[in-house]
Amino acid sequence: MSRLHPGGLVVEPKLREECGVMGVKGHFEASNLVYLGLHALQHRGQEGAGIVSTDGEQMRSHRGLGLVGDIFGPTQLTPLTGDSAIGHVRYSTSGERSALRNVQPFVVRYGGGQVSIAHNGNLVNAARLRRELEQRGSIFGTSSDTEVILHLLATSQQGTFINRLVDALLQVEGAYSLILQTETVMVAVRDPHGFRPLVMGRVGDAVVFASETTALDLIGGTYEREVQPGEMIIVENGTQVLSLSPFPRRERKACVFEHIYFARPNSVVFGSPVYDSRFNFGQALHRTAPADVDLVIPVPDSGTPAALGFAFASGLPFKQGLIRSHYVGRTFIEPSQQIRDFGVKLKLSPVRSAIEGKRLVVVDDSIVRGTTSRKIVRLLREAGAKEVHLRISSPPIRASCFYGVDTPTREELIAHRLTPEETCAFVGADSLGYLSLEAMHNELKGKASTWCDACFSGEYAVPPENDAERPQLDLFGGASPDED
Amino acid sequence: MSRLHPGGLVVEPKLREECGVMGVKGHFEASNLVYLGLHALQHRGQEGAGIVSTDGEQMRSHRGLGLVGDIFGPTQLTPLTGDSAIGHVRYSTSGERSALRNVQPFVVRYGGGQVSIAHNGNLVNAARLRRELEQRGSIFGTSSDTEVILHLLATSQQGTFINRLVDALLQVEGAYSLILQTETVMVAVRDPHGFRPLVMGRVGDAVVFASETTALDLIGGTYEREVQPGEMIIVENGTQVLSLSPFPRRERKACVFEHIYFARPNSVVFGSPVYDSRFNFGQALHRTAPADVDLVIPVPDSGTPAALGFAFASGLPFKQGLIRSHYVGRTFIEPSQQIRDFGVKLKLSPVRSAIEGKRLVVVDDSIVRGTTSRKIVRLLREAGAKEVHLRISSPPIRASCFYGVDTPTREELIAHRLTPEETCAFVGADSLGYLSLEAMHNELKGKASTWCDACFSGEYAVPPENDAERPQLDLFGGASPDED
Amino acid sequence: MSRLHPGGLVVEPKLREECGVMGVKGHFEASNLVYLGLHALQHRGQEGAGIVSTDGEQMRSHRGLGLVGDIFGPTQLTPLTGDSAIGHVRYSTSGERSALRNVQPFVVRYGGGQVSIAHNGNLVNAARLRRELEQRGSIFGTSSDTEVILHLLATSQQGTFINRLVDALLQVEGAYSLILQTETVMVAVRDPHGFRPLVMGRVGDAVVFASETTALDLIGGTYEREVQPGEMIIVENGTQVLSLSPFPRRERKACVFEHIYFARPNSVVFGSPVYDSRFNFGQALHRTAPADVDLVIPVPDSGTPAALGFAFASGLPFKQGLIRSHYVGRTFIEPSQQIRDFGVKLKLSPVRSAIEGKRLVVVDDSIVRGTTSRKIVRLLREAGAKEVHLRISSPPIRASCFYGVDTPTREELIAHRLTPEETCAFVGADSLGYLSLEAMHNELKGKASTWCDACFSGEYAVPPENDAERPQLDLFGGASPDED
Amino acid sequence: MSRLHPGGLVVEPKLREECGVMGVKGHFEASNLVYLGLHALQHRGQEGAGIVSTDGEQMRSHRGLGLVGDIFGPTQLTPLTGDSAIGHVRYSTSGERSALRNVQPFVVRYGGGQVSIAHNGNLVNAARLRRELEQRGSIFGTSSDTEVILHLLATSQQGTFINRLVDALLQVEGAYSLILQTETVMVAVRDPHGFRPLVMGRVGDAVVFASETTALDLIGGTYEREVQPGEMIIVENGTQVLSLSPFPRRERKACVFEHIYFARPNSVVFGSPVYDSRFNFGQALHRTAPADVDLVIPVPDSGTPAALGFAFASGLPFKQGLIRSHYVGRTFIEPSQQIRDFGVKLKLSPVRSAIEGKRLVVVDDSIVRGTTSRKIVRLLREAGAKEVHLRISSPPIRASCFYGVDTPTREELIAHRLTPEETCAFVGADSLGYLSLEAMHNELKGKASTWCDACFSGEYAVPPENDAERPQLDLFGGASPDED
């Protein structure tokens, strides 16, 4: 007479970054350093991870589903010898997309030898390219757009690996921050718009590439610079570096959501510190949407920097009104007896003594569907909050992303369906304030045109092709989660 | 040619709470609610957990090593039927103490039937009682002092279960917050000094006991009151409650470290909110040890409330200067190439943009050995901090605990060996300030005499017997970790 | 729309041996040798296994549920240091008895120090002794009768370990082949009737005890002799051996079923080779119950030696008419579409070309419930057998065992309910023949009085006490299988 | 101070069958029946297994490393919906070849849709075809020759799936028994020589293909016929069957080793019963190489049918002189103290009472390297055998197989290096006799030309290309065993 059932995700996920990539070339512990770097990039993908190393002759790989720490131990790392290694963490999604065969880096053999690839981003013309490649005789073993790049490389009429790669990338449209590796060469390359981040640094002489600087910091490396939009950096003969710019120049379009939510606060992304952006968003949010309250509290952890900025700008006291639990995994046994807002309670516990009788500003970084916000407002009221004013340190999310972020369909986005006033009513707050698009761009200290804000503005630098509507469509629909 | 080796704990642990306990009587989903409550109490023990339920006739149990979420799933919970259940989480320690046989609740059969027990605390005369019991023919299957209570109960000449239990507890000295369960009765009892916390509440009619109120909150229960020091609460005939005070009256000695570090900030412990205590310690710390700086930052997560209090009292800005990673497990593969302060880096990442060029106050809740503090100071300096002033929101820890907290030996405590000035030099800070004992007691708004502050003052309300020097000495020395 | 469900045991089990024991004293690799020996004894118990070693000061143990090879690897064995070790394999049973806490060897501390124990057999007065011990204050942590021996030892008024042990064993009635170990001494002892086997041998100087000689053979040891009924052998000061006979002399009552089914055919049990007994049973079976057929086939593997004996005596050809699969585990996913006699088919495949059109004698070692025999007869007929004459190389099983064998209740035994003629009709054979009790004893070349044949004759050398009706009654009724 | 290390294979493996295949079309429980069938085919491959099902629109798959029963449970099988499914078991090999990515069935998408494939056999021109395909732009994700077939299919200029498949297979040389599946069609096809077996049967209306009839028997199916050499059977529109013969006619070359060792004794392979062949080989062996001895014993289990045939023909008594253990897995912890012939002892225990003082004929099915035979001879002599005459029920193995059997290099084959007399001396037997090639063919009741006996005769029907020397060369050399 069991009434138990495993619950789903305990709180509605935010938008999800689709990946993190890492590469080390010219270090005798290359795969160990990649392993450590993937730990620091774990927030960019919790579904799966892999590392491929090469000693100049063989490639060796290990990939798995789960967290980096669960997939890799000495048994898995020891065989990954050689002074060159690349790695990948993959985002966490629901069942049908979750198959080991889609975990990167991919390793294949083609006419020019072996190549492995790790990709952060999403191509908008992958479905069409895939169809064309299939018509010409290519076979696809995964549902990933990354495999398209490998087939374009393999079928290119160019002679060298680099020329083939350029030839391949000239055909794809969309977002890619790539690290590739042959037996002898490592290449890091970013699409001409530079949607997704990619940095370069050093550990001693060894060259390191990573999605974020936090990976460099962890391994004691030094940050050198971004891989520039449209730049291809080639490392060969040990640690010798060559930079090419083989693509037509395009307007820079850095993903603004990296600064709002994705990147770790201690990272430097697109050349500027993430923590500062968030703190500044909070200050600007106060200017945009002040509130007459007693106290500022964040929705931890992602809302904390902006909440501190809001408190600093307003002079209001700041307290932790919600304590986040870090022991709770992603699924959970729910009791049969319905406990209201159980999932959120498991993650966030209100501190009654701090908030009872208080008028609160609650700062969160974004609202996606609105259902979690509603539960949080209710939780705070039940714990005695007198007023709950919700402040969001980004503009309303109104459109899907096609450049490597896992967004719900447009119809699920609350800001697509409801006005801010209706949203406020839905979540049950006393007031709701967003950061305006203009204020956001002001704080990013760049021209709006240098950022991709498509999820807010709906303006796409690279228009998605028709059948790109659902990024990473699973062509094998329904492969079981732990398959392959 | 592997140079990898699994690292130990990545950062030196603070003092460790030894356990959390939970009981539900009179609810058709008793074991499910205990399971949820143990999740909320997970911070009190991560080594192992167990639940024992009874339907009035049978007792059924499941215990395991690891986190609650890893030990229990529907397969384990479904058989734990009945409307009465008790549970336990156990602290995390190094190898030799970690054996399944020491995981509670214990279940045994004695002359009066079956009984299960969950214990938070530590007895100071267990070793002597154990020797005496062994001489009289008792056999011990664990190295736990809790087993002593069961043998005293079993060998008591008293008639009823309650009388036997009182008889047993009159012989033990030290700290105990216990929940016991027979086929028909649940008993919660606290030692006369009331060292460790224990609260009572309700879910509907069902009676709930738990170490902290956060467990009640999670399951939608209501807090009624503390189980009083020296009080024995008996629940029988469903949910009928009876209170006894069978022990000689003693001075209340509530563990002050619960308010400093152990309890979750959203809990109400010994009748007062933990978050407030910590925030107030921070304010008092500013009064005691102010500093001329630019910025206040916490050592997250435990130092955050006090740091906020310090910032509030001082008017100084507060920022997150260190970001804590929550993906890192307890052990880790270290690279062979030594990365300086690797363990701390894995857990804590400095936010260079927030701290560079700044004079900082860094607030932590306590210092045990001092080595982690030293690494943190170095990390901050490397990230550009101009000055680092360390502030500790509790007095120097100078003495071991014998009442249920896992402390290093006195010799390992930095405050036992070094003066504050020497400690400051050791950790490399520009200045070091502690909260004074008096200030601490002031903030706790009670007479000093109502709190156990032995770890700071060295004054023990119940003197440890000679061979109590190492609490929970492992008599089977070296049983393998995953044994039994 | 899953219709799958895990099946139970794929074929009805025969009677089950309840345990195997092993001990090595005086060898630097004691625990490794015990580990190997337990492999050779795996057929005596597949539910769980454990090893306890001692280096003269500490005892170290590891126990687990499952097969020896799954429980132990280098991680588990390496910590089991010392030159003395004992081990145990436990029989496989259905759910409720299967709990880790009941897996032996047990290790406890009592007034005289530490002691570990491994037991093969069953006590008939354990329930009464347990009640008396509980009344005097002993607490029981397991549902095993073996724990009674430890409590008797602990509460004995005798001075030395040996005297306490003798004192304890003088109080118990029933079957026991025991190996015990303190920090300094190993003791092997058999009950005065000698129900269950126990042998002694050497590896170099080291002393080895084991349930069967096959364990000695595997580790390259030499067989010395049986531990005699009522004998207590003490090994101390390294490998010095002392023999005591502290118990009143009783009539030898060796378990006849060891020779019929339990022991491995290559073992020497109670001083005589098992393979020979079975071959001879088959020859005698032909004399008792000949058949006019074309071919003899065995039910593999246990029926093979007797079938060979039958064929030899009769001059009839012998073939493998049924092939046994060794890849099938104990549970299995059954298809929803009912496949007739699926479980037996999974284990046994008929060889149509060998049996089609033939009149067969099919030899099995015993019949318990009769349902498997019925399926086998049907399988053979479907594969074209013209006649199926079932021959059983033991007498009809009519009574339960109380001395360490897991028998169904008397009511479930087909020979208790039905006459041989009715049994033959039930299983659908053309004829059915058993070995007579007399013929069996003749072949064992001993007086009937030296064997325990209670399962056939219903004559019990040691009458079971009333509440011994179900051996190893689970006092904690319903502890979950993987508990503790 | 651990001296333990995990041993390798405990006994030297015989030649290994490389795979088993299974397909069910037109049954609502298709994947369950394939799952059962793979159990029955488990002896053909223990390294990995997979199943792919389709419901006419989606393909769903699960693959894993290990045994069928470990890889599949309800969680894995339930999602594999649809009335069409194919499955594969893969042979067990040493480390570097063992990667999940090489586990079949493969599923890919190409220009014509999705296709999945399961292959038993080995192509001799795969390396050349692979190079050519790579030059034309194909990328390879596995090191399997089976992937070549998929690329040839994908790059074919033909229009329909069937025409593409024929086009592809016209280009490959070597051995293949294939089952392929698209969303709507299932195809079974055998190479023109028919090296490897493949049968067709029915369960109700549903069509079943399997490597051996034992899989049909288990699921209650009926055997219809072999898929003929060079035949392509197409199942579409539910269970409608169409037979094509699109390939040039070749001489039948059925693998003789299926009858000697690979197939289960109860299977009917290439139209004749395997058990009979083996029994007859034993009879013929007696005629070829009689011996003046007291007793015939087999090397179990594979030598048993031939040993029975030898005994029958000679009139000599037959006994089980060696007992095989079925609990031992493939790897094992070895003791540091060297126990002579440990691995063989673990698997095979001599029955001293049966063989002591006896002159023995020991019958085994084949000798590969000779080292195991030497250990067995020594084991028997140590157990008291007076004479040991080794008889092998097949000719000396002198050449490698290129058609799907995993053979050592020619240099490792004892019969390639030594004469029978020298071999006899090496293994230490009193005499050694093989079945002659002629006698073997006589017993198979067919012309020698209809069988492939290349491993004995060195005559290859399809000459291996130069770089086919090591079948299934691992192109990714050193991928870690549990990768992908």
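By letter and in written order, the chains are A, B, C and D; residue numbering begins at 1 in each of them.
The criterion applied here is as follows: contacts are C-beta pairs under 8 Å (C-beta built on N, C-alpha and C of every residue); 3 or more make two chains touch, one makes a residue touch a chain.
Computed from a predicted structure; not experimentally measured.
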| item | value |
| --- | --- |
| Any chain that touches chain D and chain C | none |
| Remotest chain, chain C as reference, centres from CA atoms | A |
| Centre-to-centre distance between chain C and chain A (centres being mean Cα positions), rounded to whole Å | 59 |
| Chain A-chain D separation of Cα centroids, rounded to whole Å | 47 |
| Junction residues of chain D, two or more chains touched | none |
| Interchain contacts (touch definition) - all pairs | A-B, A-D, B-C, C-D |
| Touch list for chain B against partner chain A, complex | 1-6, 29, 32-33, 35-36, 39-40, 42-43, 46, 67-69, 72-74, 77-78, 81, 214, 217-220, 264-266, 268, 273, 275-276, 279, 304-305, 308, 312, 317-320, 323, 325-329, 332-333, 335-337, 339-340, 345-346, 349-354 |
| Interfacial residue positions of chain A with respect to chain D in the complex | 57-63, 76, 79-80, 100-101, 106-111, 114, 134-141, 150-151, 154-156, 475-480, 482-484 |
